[in-house]
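Paired with subunit B in one complex and with subunit C in the other, subunit A is shared by the two complexes that follow.
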Partner chain A sequence: MYALFVTPFIEFEFMRRALVGTIALALAGAPVGVFLVLRRMSLTGDAMAHAILPGAALGYLASGLTLGPMTLGGIGAGLVVAIGSGLVSRATILREDASLAAFYLISLALGVTLVSLRGSNIDLMHVLFGSVLALDDATLILLASFASLTLLVIALFYRLLVMETVDPDFLASLTRLGSVTQLVFLAVVVLNLVAGFHALGTLLAVGMITLPAAAARLWAKELSGMIGIAALQGIVASYAGLLLSYHGGLPSGPLIILTAAFFYLLAVIFGPAGGLLRRLRPRRHLEA
Partner chain B sequence: MGTLVRFEDLTLGYDRHPAVHHLQGEIADGSLMAICGPNGAGKSTLLKGIAGVVAPFGGAIVWPAKKPPRIAYLPQSADIDRSFPINVLDMVAMGIWTRSGPFGGIGRAHRRIDAAIAAVGLAGFETRQIGTLSGGQLQRMLFARLLLQDAQLILLDEPFTALDAKTTTDLIDLVARWHGERRTVLAVLHDFDLVRRHFPETLLIAREKIAWDATDRVLQPDNLQRAAAMIEAFAHHAPACERVA
Partner chain C sequence: MLALAGAMPKAAQAASPRVITTFSILADLARNAGGPDIDVAALVGPNGDVHVYEPSPADSRALAAARLIILNGLGLEGWMARLISTAAAHAPVVVAARGVTPRTTETGGVDPHAWQSVGNAKIYVANIRDGLIAMDPAARESYETASRAYLATLDRLDADIRSAIAKIPPDRRLVVTTHDAFGYFGAAYGLSFVAPQGISTDAEPNPRDIARIIRQIRALEVPAIFLENAIDPRMADRIAAESGTRIGGKLFTDALSPPGGPAATYLDLMRHNLRELTAALAP
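Up next, the complex of A and B:
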């Protein structure tokens, strides 16, 4: 048992680093994902993940596989898309989803064009699928800082986020901070996607955010409970995914996300707050 | 009793078409006033204009007081996401905003929140999720939030539509209480009986002002006939309005 569950993390430093990094991602991703799900923006996370890819690629082109430029590029591209689409949807009759789709497609096409201009056969596998087993000190510090910043910002904007989600007109009647809140939240999403792509790649980074949150929606009825359960699931998925990949000789990033997906399926079937079983086998109705 | 707000040749609307056309008049501080008129007459638009949600095409909304009053606005059908996991207590507590702001604590306001919930008859509902409330209970909850907002001017857009008699009576009592506290209340209403019984002053509007006076004088057959004669559809090729105040 001990050899099965603990030894890999004791023997190999890269396993410990991977675990610490993904736990940081899971902790910060939980509240972000829960608000994405509740704001019906789950796919926005996915679109933003596409949007940061060209920025990261540009950073890579400029100075190779280095942490700083790729992180800055990703954040830059993500923010441009988030703010640009936000401004367009505010200034025109286009809804947020339409303008976001337009902007992330512009970003993606522009990025691919820029990359092809260099004409070299660039290995973007790192960016696309991440390298959770090769997290160095600098990357770990980056993941931990981004996670701390995320939790701090969400804590500060919690009331505004809740009000902006549940009753935006009412918030608008009190303050202009509603649009600020939207932008800050999108910036936090970008931050987490950029942190996530170092470990899981741009394609799977959003999985650590969305999957535990969607599952948590089916377990908990209260917001705080949802965030707690999402974080717990993310952490367990990180640990179990790494362990499975170690013993099975399989790629780590995808297995972490697959484990999270397994928890999601469990929630869909057994979740007490609207899961399948509860719907199919309702309990007797109450007296009053 | 001074003037709270004055409409100076006010025109409000959408896409160049006027919904409220050249409205002139003023509302005294502490008024309890109904706004009546057919559908599409500009009643909601007028409230939105006062609340600052819609900007005037022409004319102005003037606040004579040095400091404009604190306004609470209850839209006709609030865009509330009822699937959001939030309970009645937290929803009502949003009304404390003028004290708490975006970041401050609620602290000692808990007593006031409990009192507001009790005042609308929702005691015992504090931990209920808003998604499980009936239409009447939801409206009671929104009134509790209005109570906490402590506004000098309260704008209600069809607040009693689709409510049963008991709920309407309970909420009307709150409106009367606000009136007693010298707050100004403007309510868009379709139930003339209710207006006659509880609202001393009425503005009857059909895009243009039809009558604005004591309720008994306004709700007369000839006025109502004139209001009903309003053509609801916008003329697509209407010429630009050249009227001068």
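Up next, the complex of A and C:
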């Protein structure tokens, strides 16, 4: 048992690093994901994750597979798309989903083209799927600081975020901080996507944010419970995914996301707060 | 055509080259064996991959106009036989590796990278010289003079490699590399080249394979690994840190670098590789 479940992490530092990095992602991703799900912005998150690619690719073009430029490029591009798609949907008759889909496709095509301008296939794979097994000191510190910053900002804006999510009109009648809150939240989303990008790549980064949160929504009815369950699922998915990929000889990033997806399916079927079984067999009414 | 032009000496750009070689290293050997007066071009230029080359129509024209065709042999240029027949090339063909004792690879095929041993390169030069003389008997003397001088240079290179490797302690003469081109070098000079278990550029790296490589390097106490171009450099750093080994630089195997690069000629290539290897293996 010990050899199966613990030894890989004792024997190999790259496994410990991968675990620490993904746990940081899971902890910060949980509240971000829960708010995304509650605000019906899961697809926005997905589109923004893709938007990071061309920005990171520009950083890559400028200076190769380096942490700083790719991070800055990713954050820049993520913010541009977050604000840009909102502007397009406000300025034209296109709904937000259409403009998001457009931005998402443009970003992916542009990003792959930019990386291919300079790079080899290895680099492209790294950008698309991340390199959770090759987290160096600098990347780990970046993941940890982004996670800490995220938790701090969410804690500061918690009440505003809740009000803005539940009843934006009411918040608007009280204060003008509503749009500020929305922008801050989008910035936090971008921050987490960029962090996820370094470990899991542009295609899977959003998985660590959305999947545990969507599952948690089906287990818990109130917010703090949801966030706690999402974080727990993210952490367990990180550990179990790494372990499965170690023993199975399979790529780690996809296995972590697949484990999170497994928890999501469990929640869809068994979740007490709106899962399938719960809906098929409603509790009997009280009889007089 | 660009590849051709790039490999052509300036004088040759007016007339079509008389001597066509399949790749850059052979072109350099031919240039040295033939002296300054011969026009040599390579179908696969510097940094090109001769294993998977796709011949172009311009290559057919160049072959049809050639007076001598030089190829490596040992199965390196699988695409060449068909190209020669479709181009209706009538020039005599020199197989530079004729007379080399072939090595088999781990997978059972013939290892074509014979030029990685200087002793074999001397066989190449002799074969090329004989081919040149057959092509142009009137210039026999100039070919023989040029070849003699170059063979002497190769002898010095060979001696330098041997003395440099002799300075490496025997228990450190071990390298893990993804390059499969060093069989002849290792056999000639007493270095062991081990392929890493499980690394492949075809698939995403997975932790089981990385763990296997780290265990392999730890068990063999490999002093240096050369994984260039096979994996993410940060992954290579990680593997080195966890197995207590050193990361070597770029090794050139079957193509020269462009002019001005670290391996623009065969001599430069061999000396560059020797420097990288001795630096990585030094205690």
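Everything below uses one rule, namely that the second predicted complex is superposed on the first by the 247 of 288 C-alpha atoms of A that agree within 3 Å, B and C clash if a C-alpha of one lies under 4 Å from a C-alpha of the other, contacts with A are read in each partner's own complex, and residues count from 1 in each chain.
One rule holds for everything that comes next: contacts are C-beta pairs under 8 Å (C-beta built on N, C-alpha and C of every residue); 3 or more make two chains touch, one makes a residue touch a chain.
Bear in mind that the values here come from a model prediction, so they are computed numbers and not experimental data.
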Which superposed partner A:Phe35 touches (first subunit B, second subunit C, both, neither): neither
Subunit B versus subunit C as contact partner of A:Met163, first or second or both or neither: first
When both partners are placed on the shared chain, which of subunit B and subunit C touches more of subunit A: C
Which of subunit B and subunit C A:Thr175 touches, first, second, both or neither: first
First, second, both or neither for A:Phe103, with subunit B first and subunit C second: neither
Partner chain(s) touched by A:Leu250 [first = subunit B, second = subunit C, both, neither]: second
Which of subunit B and subunit C A:Leu65 touches, first, second, both or neither: second
Partner chain(s) touched by A:Met226 [first = subunit B, second = subunit C, both, neither]: first
Which superposed partner A:Phe263 touches (first subunit B, second subunit C, both, neither): neither
Interfacial residue positions of subunit C with respect to subunit A in the complex: 201, 203-211, 214, 229-235, 237-238, 241-242
Subunit A to subunit B touching residues, read off their complex: 38, 156-157, 159-160, 162-163, 165-170, 172-175, 177, 220-223, 226
In the complex, subunit B residues that touch subunit A: 51, 53, 71-73, 75, 78-81, 84-87, 90-91, 94, 97-98, 100, 102-103, 129-130, 145
Residues of subunit A touching subunit C in the complex: 8, 11-15, 17-18, 65, 120-123, 125-126, 129, 131, 133-136, 139, 242, 245-254
